[in-house]
Amino acid sequence: MTRKIGVIGMGHVGSTVAHYIVAEGFADDLVLIDPNEKKVTADATDFEDAMANLPVHTNITVNDYSALKDADVVISAVGNILLQKDNKEHDRFIELPFTKNAVKDVSAKLKASGFNGILVDITNPCDVITTMYQKFTGLPKNHVMGTGTLLDSSRMRRAVSSELGIDPRSVAGYNLGEHGNSQFTAWSTVRVLGRPITEIAKERNIDLAKLDEVARAGGYTVFHGKHYTNYGIASAAVRLANIIISDARTEIPVSNWHEEYNTYLSYPAIVGRDGIIEQDHLELTDDENEKLKASANYIRTRFEDTIAGMEKEAAAK
Amino acid sequence: MTRKIGVIGMGHVGSTVAHYIVAEGFADDLVLIDPNEKKVTADATDFEDAMANLPVHTNITVNDYSALKDADVVISAVGNILLQKDNKEHDRFIELPFTKNAVKDVSAKLKASGFNGILVDITNPCDVITTMYQKFTGLPKNHVMGTGTLLDSSRMRRAVSSELGIDPRSVAGYNLGEHGNSQFTAWSTVRVLGRPITEIAKERNIDLAKLDEVARAGGYTVFHGKHYTNYGIASAAVRLANIIISDARTEIPVSNWHEEYNTYLSYPAIVGRDGIIEQDHLELTDDENEKLKASANYIRTRFEDTIAGMEKEAAAK
Amino acid sequence: MTRKIGVIGMGHVGSTVAHYIVAEGFADDLVLIDPNEKKVTADATDFEDAMANLPVHTNITVNDYSALKDADVVISAVGNILLQKDNKEHDRFIELPFTKNAVKDVSAKLKASGFNGILVDITNPCDVITTMYQKFTGLPKNHVMGTGTLLDSSRMRRAVSSELGIDPRSVAGYNLGEHGNSQFTAWSTVRVLGRPITEIAKERNIDLAKLDEVARAGGYTVFHGKHYTNYGIASAAVRLANIIISDARTEIPVSNWHEEYNTYLSYPAIVGRDGIIEQDHLELTDDENEKLKASANYIRTRFEDTIAGMEKEAAAK
Amino acid sequence: MTRKIGVIGMGHVGSTVAHYIVAEGFADDLVLIDPNEKKVTADATDFEDAMANLPVHTNITVNDYSALKDADVVISAVGNILLQKDNKEHDRFIELPFTKNAVKDVSAKLKASGFNGILVDITNPCDVITTMYQKFTGLPKNHVMGTGTLLDSSRMRRAVSSELGIDPRSVAGYNLGEHGNSQFTAWSTVRVLGRPITEIAKERNIDLAKLDEVARAGGYTVFHGKHYTNYGIASAAVRLANIIISDARTEIPVSNWHEEYNTYLSYPAIVGRDGIIEQDHLELTDDENEKLKASANYIRTRFEDTIAGMEKEAAAK
């Protein structure tokens, strides 16, 4: 019945997500939504100006929530890049005062549209916002997920691959926890050349802590070099959308609900048309388990504080 | 021996061109060049962060002209978007004071690199800059071309298709002349539904002049809605690069050298690995021929004035 | 709601159609049907063995008509290649005694499945079988079409492009009528290099009748060189399916119902999600109009004779 | 300088390889070679008939070894399917009496052409033939490889993924040794859901030996259902060619030269533009090491016997 994807928020990330979808023909119908009507209309027209030179066709709808009723996937790329301007530390919580309200508003409109597909959140702080989306839309927990550390894992894989002179696709493993400063590389899960990286690192005298630095430094290079990041995250989000739509049941680290921690956090899971199909049960080291727990606590606390604050604000009105 | 593409200038257009190439795997080796080292490195790292989530691999080199020696195609996306800020009329000549010098510099470096592939210019004012590139690099005239009215033609096709409720790919025809304000839709070349659009327009009471307005208005919508345009032009440029590399010998309107007018201007030609293979000989109306001549004169005059000015400046030093 | 395509008949053509869909990820769900259970299961398993080396995922269902209930497009590639063995003339009617009954059976099963998408027929003789499919399934006339002379037009475009040293995609124009021996190139519709081919042919001393020969000879080269043809026709059918699913509203020559001739025959039309959206009104020469009428009469007569024969047979039982 | 691929042998496998390349536009120039001139010309024309309906262009050359001089990759798909007709056991050595001579002939012609790219062998028995190709062409050992157990590994991954209800792309691990009856699944290398499959199998009561059966049975289903296999192997070979051309440096199990065993055999390696870049050093179990050694001995002995036989034959003339 044709593929329909919605993208909410047409800043750097949302418009790159939309471009990637249009250029490859991943969707038949694409719904673009942004409060800045001039910007979203500009992008839509720009895509339509591209159409005659593209081999695939996409039908584009602008700022119509009702068109999301039968969307397969909605991607939230809501953000406020201006808030990032003086963000020396690249702390993703700097956007929360803006995004928490934006997401509440989007959720209400999504709910009103009758949307009952899979919601993929990019909006930061990713895990807190993903939790909010689930709460505000009332969608099943397994139908809401965040891109989370899919991007951090890709950065780790880029750093490892660059050190070893191999393809990042040939580096397996995950960054876990918050898509933020409490996340960590679970080195016990990383494998290259058919073996655990811990062994390879010993043999070749590779400092894994330094590789973590390289991965993180890459993120800073991107963020401080252009004041936003878009290509890495767009590829992650669109890959996730394709996995969902084609029901590929692929193992991938995304922010998904973890009952034992009572929060969303990034951890590998099998993803398909029914959202989160199954969660991995990794054999982490004690240290990694501690870090994961700490990251989970951090996300849950920030989420609870935010909701409490929003309720207080609402009550005060 | 693998496909190698260079992109010079990593602003909105250049980075979108690069992203499209990376996302689709159109090149094996991609060379990115920009005087803003932080920005080009940021984009390159962002692409590398995308790699683990992309099915195709691209090797990226940053700011190394010598790597262009054996490039198949170099795309010039040099520009200065800040100059566009108060550009109410979207006059592409507003960039010339900046681009003329940038292009001279790029040409010298390209020449020094030993590059002898095909040069595709997006930099505005497109036809004047394309002429400069040919002069400054000394490359054969048929090995230098500009995207020219490929974008204008796509906009016209979008406007026509939207009016008729059909695919823009099913609208044939060209905008000719300058990629600028003297360009025009050669309605005598436009065909839809198996017939000349002039007939369809009569039958259906369609005002072609209004369609021209719609096409132009689309361009303004994009430009004024986001202060730049990137997706339409990037799709045009990458399509052109692919046509060249695969030696497809496709008919396409691009800015190419016309001996009879002694200038570059947009007019359909057969394009392949050897650049401009053959030029169309359209049967234009008298009015269209007049417009084309006027557009050609405008380009040639602007080019000659610019070169004279540059020589005067050089002499004054 | 994901893309679902059915392919009925897994001979040379059907399996190539399916492979192209799987390799490019054009569908999320693919339903393969063939009475030879061993063959269709072999192909399905072979596709699944390919999956780990493909970047895109497709879910494959074998021999389950009920899965076609919500298919977007069903492609009929039913055929009996053995009947072609001694087919010196490549007369597509040699398959009719087999395909007429197969198609009646398939239609009943399609109808029972509740399928109400678009039916694309490749099965030969294409126009007669397409007419039968519409009659037997009871689907709206604009929801049933045949690939018809889309392939013949591609062969003509290949022959013309080869003569001129240009891209076949840069040759516009159509072969019309029956996908069979009464079809013809409507040279008045063929355009290259921005002009009618009739003019170019005069200038360059090109014998159009000879180009027709070259086009036809190509078909024979394929058929007699391997006793079947598959790649050209598969590309045509899959392109058509993609146009339908993405609602591209592309102009394309396919076998579609023509009220004035009371038959299916190939003629360009705008195709989209609602099937045949609009038919072209070409300005053919008198000679071409005669040929088209003759071709239409031939198809209609063959269809009526076949149906009469089938009814007689049924009555005799 | 554009991508050029050669395919030698246009039977079921070679023509499917070529079709996949043409349909996706993976090469700019494609050289097809087969002693059956009618068949290879038929396929080439069929591809050209597809071109007008494909978005990408490929230039096709037929039966011209000299065109391989600057090819990036040559894929050998030489075979004789007739010899497989009564092959109840699917023993790949049944083809050797034919392929050993064919490969000697092809090697001489490749050498004469000046080809110095990467040679990828599909021809069976794969490891023996790959060894012969290296010997007869004199190409560096790391520039010659066979698809080997890349296909067997894909079948194992299909069987495992089907048992667990997950994506075959989310099953890591290798089949090692001969692409033939002495190969085996190295279960110690197989990982799913973030853990060794041996653990998952214990928890879920999965019989790994039975999964091996399922993988093998799939191969038989394909082979006995249609008397050849083509889609799985073609996807493997083309993926390998793309890895080489784009210098992706991907880890992949292919037949590569192992000094310690003095033979070609399948074992994971990093593959790039310079062929085999680096070999994995797996931590196999003792049992797996024994199996690998036995498989290596089998291949080496068969190779030596074959060469000895060929020399005796040559001497007898």
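Should a chain be cited, it is by its letter among A, B, C and D, assigned in written order, with residues numbered from 1 in that chain.
Simple rule for what comes next: a contact is a pair of C-beta atoms (placed from the backbone, for glycine too) under 8 Å apart; a residue touches a chain by one contact, two chains touch by 3 or more.
Not measured: the values here are computed from a predicted model.
**Student:** Taking a step as a move to a touching chain, how many steps at least join chain B to chain D?
**Tutor:** 1
**Student:** Name whichever of B-C, C-D or B-D reuses the A-B interface, so over half of the contact pairs are the same residue numbers.
**Tutor:** Selected pair, repeating A-B: C-D.
**Student:** If you tally contacting C-beta pairs, which comes out ahead, A-D or C-D? Let me know.
**Tutor:** When A-D is set beside C-D, the one with more contacts is C-D.
**Student:** Centroid from C-alpha atoms only, then distance chain A to chain D, rounded to Å. What do you get?
**Tutor:** 37
**Student:** Need the CA-centroid distance for the pair chain A / chain C, whole Å please.
**Tutor:** Computed from C-alpha means, the inter-chain centre distance equals 43 Å.
**Student:** Find every residue in chain D that makes contact with two or more other chains and list them.
**Tutor:** 56-57, 167, 169, 243, 248, 250
**Student:** Taking the touch rule as given, give the residues of chain A at its contact with chain D in the complex, in rising order.
**Tutor:** Going through chain A, the ones touching chain D are 55-56, 161, 165-167, 169-170, 172, 174, 189, 191-195, 243, 248-251, 268, 270, 277-278, 280-283.
**Student:** Could you pull out which chain C residues touch chain D in their complex?
**Tutor:** 16, 19-20, 22-24, 38-39, 41-43, 45-54, 57, 150-151, 153-155, 157-158, 162, 167-169, 171, 218-219, 221-226, 229-232, 234-236, 239
**Student:** If we count contacts the way the header does, which residues on chain D are in touch with chain B in the complex?
**Tutor:** 1-4, 25, 28, 56-59, 70, 72, 242-243, 245-248, 250, 273
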